[in-house]
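Each in structure tokens, the structures are laid out below.
The same chain A turns up in both complexes below, where it pairs with chain B and then with chain C.
After this line comes the complex of A and B, so read on.
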């Protein structure tokens, strides 16, 4: 009896090249499972971005386009609209980090949400710039030690972090906005359910859907994979609560 | 169709884009090109085509990047300082080999400058402000009819070479009107089924990206781009020659400036001076070879531009060292008048060629 198989939408013989204990691999795997379950593989165009999330196209076996840093939602808008112009609707989603989505790309991200662009954005929030070695990002928490906040993030000196899923939920064009985590099996299964719902929001032509995924970054957090997940469960979820902040999909 | 109408340059470009099947336009307002986007907003909505009032020029050019990956014909338009904002994505589009048509109707001066006429973006367009080794094709119209013809050609070359292509238009030309015909697009459709992203149905999945962590692969990729640029440089240089065959003095100018320069040339021809005008139509690839040939018999080249001498560099690169090269220019504002140019040329001639 086969109890587990690699999703069809993961490229054959691919091995995740992320750091040990990084949640990117889990996130991409559940996205691939959802693509399989919704039978979207042949109809999907994924937009990867800059930072660790760019590597999506090495693993996910769908057509992929890489966006310049921060511009994934604008690029996705162009992809979605172009196919619609030739009456050939495609499923289009972005895969971005928190720096990409909520710092350099906040304008493109928020305006896509405000327009109610019928795309899905997935944002991996690991509270730092991972690929460049752990600098302070828009989501770094108060007191967090990073290579550019060596004494800890301080509200007077550095200012406040952004609660992305809550902010995106405020946009009129947003139809679905949620935050999930991947620190244990229960949460992984829940994340899959939520991301599937976001994908279905687009499939039903509802408008902009967004899922923020609290993810581990053991390398830059200088923690073991286990302690990284513990940090998410015990600390980060208190600052960034796991919830659905907007859901009009049943309206 | 095929009827002569009084057309404004910007509207002519917009009509030509629709005529040749542009299905996606993304833009942000900036004078003096805004009426391109205004015109297309209604026409594209009526046809259920893709039109987005983007949040910024950065948004617009990135929407264009995404849309171009579908194989559809894609256009954005903007002006000078806002085209500066788009440079990063032009570099991506060149590396990704995505066909974007960008219309730059030029403003004047560095920074915000103003909306006076000027030709100050020659360097921005031909050299480019993006990172790394890449080229964009650049076409320069001189009349409203050519705005139409070169819009068709921009889409054609962009698709043919899978390369971003800039239509570099003088603000003067964008805003003025003259009789022109919306002809039929003369170019064939280019098959893009072997590279476009439209879902991995009955084929392996494709990825379009510029990130390449393997240096051998990245070198190979850039060398491949440069092989393509070499073909473009061989096949696509385009120019207009006016009375050049026996010319001892050749005036060089691009865009609308070439029109006043032709009048200057006529004036000197009537005086018996063997003068001609050489007008590059493709600014990249610059038509070096023919200008070099003509310069063998010419005693003097005088480059005339509404900037501080940007095309002058390419003119210098074309011309053999025994030819004298002078420059007449002005950065912004009222177009150089025929009389002003004639007076300056007279001074140059008196100083150097009392015998002519």
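After this line comes the complex of A and C, so read on.
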């Protein structure tokens, strides 16, 4: 009995081009599995953004659109509304990094949540700008060494990091907001369950759903894949607690 | 007999699967992968594999393509 095979929504013979040990691969894999399970493949439009997350369209076998930097939620709003006007309902989700979602595109993201736009946003939080060389991002933790904060992030000069899932949960239009991690099997399975719930929130026309995924960045953290996962489990989950911060899907 | 199928071309030698295997059936092979490090291989001479698929779940490269449980 075959208990595992490559999800059908991953393009055939595709080889991920992420750094070794990067959790982006796991995130794309579980999204593809959920698209398979909910049978959404022919009905999905994925919006990718700038950064490492842009590579989604190379691997996911669904229609994808690349948004300008930070504007994925705005583009998703347009795609969703245009298809609704044509009475051709599509499943629309965005796949963004933390710099894209919570810094450059914070206004687009926040206002999509405030409008209660019926889309799903997925934000990969690896606490830096990975693709451009590990600059300090909005979610970099206090004291974190990055290429633009070589002495560590400090509150006098850089200020405090943003807790995206909590902030989005405060918006009245948000129906589902949660934070998950991918550092071990238990958390990967839990993440899959929660992302599926966020997708179902959109399918039931409830409103804005958001999932923040704590991801490792071994290259820019200058750690091995194992130590990166250890860092997430021991340090990052204390700063960014894993929880469901808002869930009104059962109301 | 339970077994897993590893695609050596995709393996980037992160060794997350080695850590997660409950019976330590995944080992470093003698082949050099795309990152210049040794890829992994599956060796199960005593039929110890239980087909739990944990290796496939943690693999960030979908290099573990199939898991079959008896």
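The rule we apply is simple: the second predicted complex is superposed on the first by the 251 of 251 C-alpha atoms of A that agree within 3 Å, B and C clash if a C-alpha of one lies under 4 Å from a C-alpha of the other, contacts with A are read in each partner's own complex, and residues count from 1 in each chain.
Here is the rule we go by: contacts are C-beta pairs under 8 Å (C-beta built on N, C-alpha and C of every residue); 3 or more make two chains touch, one makes a residue touch a chain.
Nothing here was measured: the structure is a model prediction, and the numbers come from that model.
Engineer: Superposed on chain A, are chain B and chain C clashing or fitting side by side?
Structural biologist: fit
Engineer: When the two structures are overlaid on chain A, which partner does A:189 contact: first (chain B), second (chain C), both, or neither?
Structural biologist: second
Engineer: Quick test of understanding: once the structures are aligned on A, what is the angle at the Cα centre of chain A formed with chain B and chain C, as a multiple of 10 degrees?
Structural biologist: The vertex angle at chain A equals 130 degrees.
Engineer: With the two complexes superposed on chain A, say which partner A:16 touches: chain B (first), chain C (second), both, or neither.
Structural biologist: The second partner, chain C, only.
Engineer: In the superposed arrangement, does A:63 touch chain B (first), chain C (second), both or neither?
Structural biologist: In the superposition, A:63 contacts chain B only.
Engineer: Looking only at chain A, is it chain B or chain C that touches more of its residues?
Structural biologist: Tallying touched residues of chain A, the top partner is B.
Engineer: Report for A:74: first if it touches chain B alone, second if chain C alone, otherwise both or neither.
Structural biologist: Touch status of A:74: first partner only.
Engineer: Under the stated touch criterion, which partner chain does A:26 make contact with: chain B (first), chain C (second), both, or neither?
Structural biologist: A:26: touches chain C, not chain B.
Engineer: So after superposition, what is the minimum Cα distance from chain B to chain C, given in Å?
Structural biologist: Checking C-alpha atoms only, chain B sits 19 Å from chain C at its nearest point.
Engineer: Overlap the chain B and chain C contact sets on chain A and report the shared residues.
Structural biologist: none
Engineer: Which of the residues in chain A end up touching chain B in this complex?
Structural biologist: Interface residues on the chain A side: 11, 41-45, 47-48, 50, 54, 57, 60-68, 71, 74-86, 88, 90, 107-108, 111, 115.
Engineer: With touch defined as at the start, can you tell me which chain B residues reach chain A in the complex?
Structural biologist: Against chain A, the touching part of chain B is residues 23-24, 26, 48-50, 52, 54-56, 58-60, 62-70, 72, 74, 88-89, 92, 96, 197-202, 205-211.
Engineer: Please output the residues of chain C touching chain A within their complex, sorted ascending.
Structural biologist: Residues of chain C touching chain A: 9-10, 12-16, 19-20, 35, 51, 53-54, 56-62, 64-70.
Engineer: Would you mind writing out the residues of chain A in touch with chain C in their complex?
Structural biologist: That would be residues 1-6, 10, 15-16, 18-26, 29, 184-185, 188-189, 218, 225-226, 229 of chain A.
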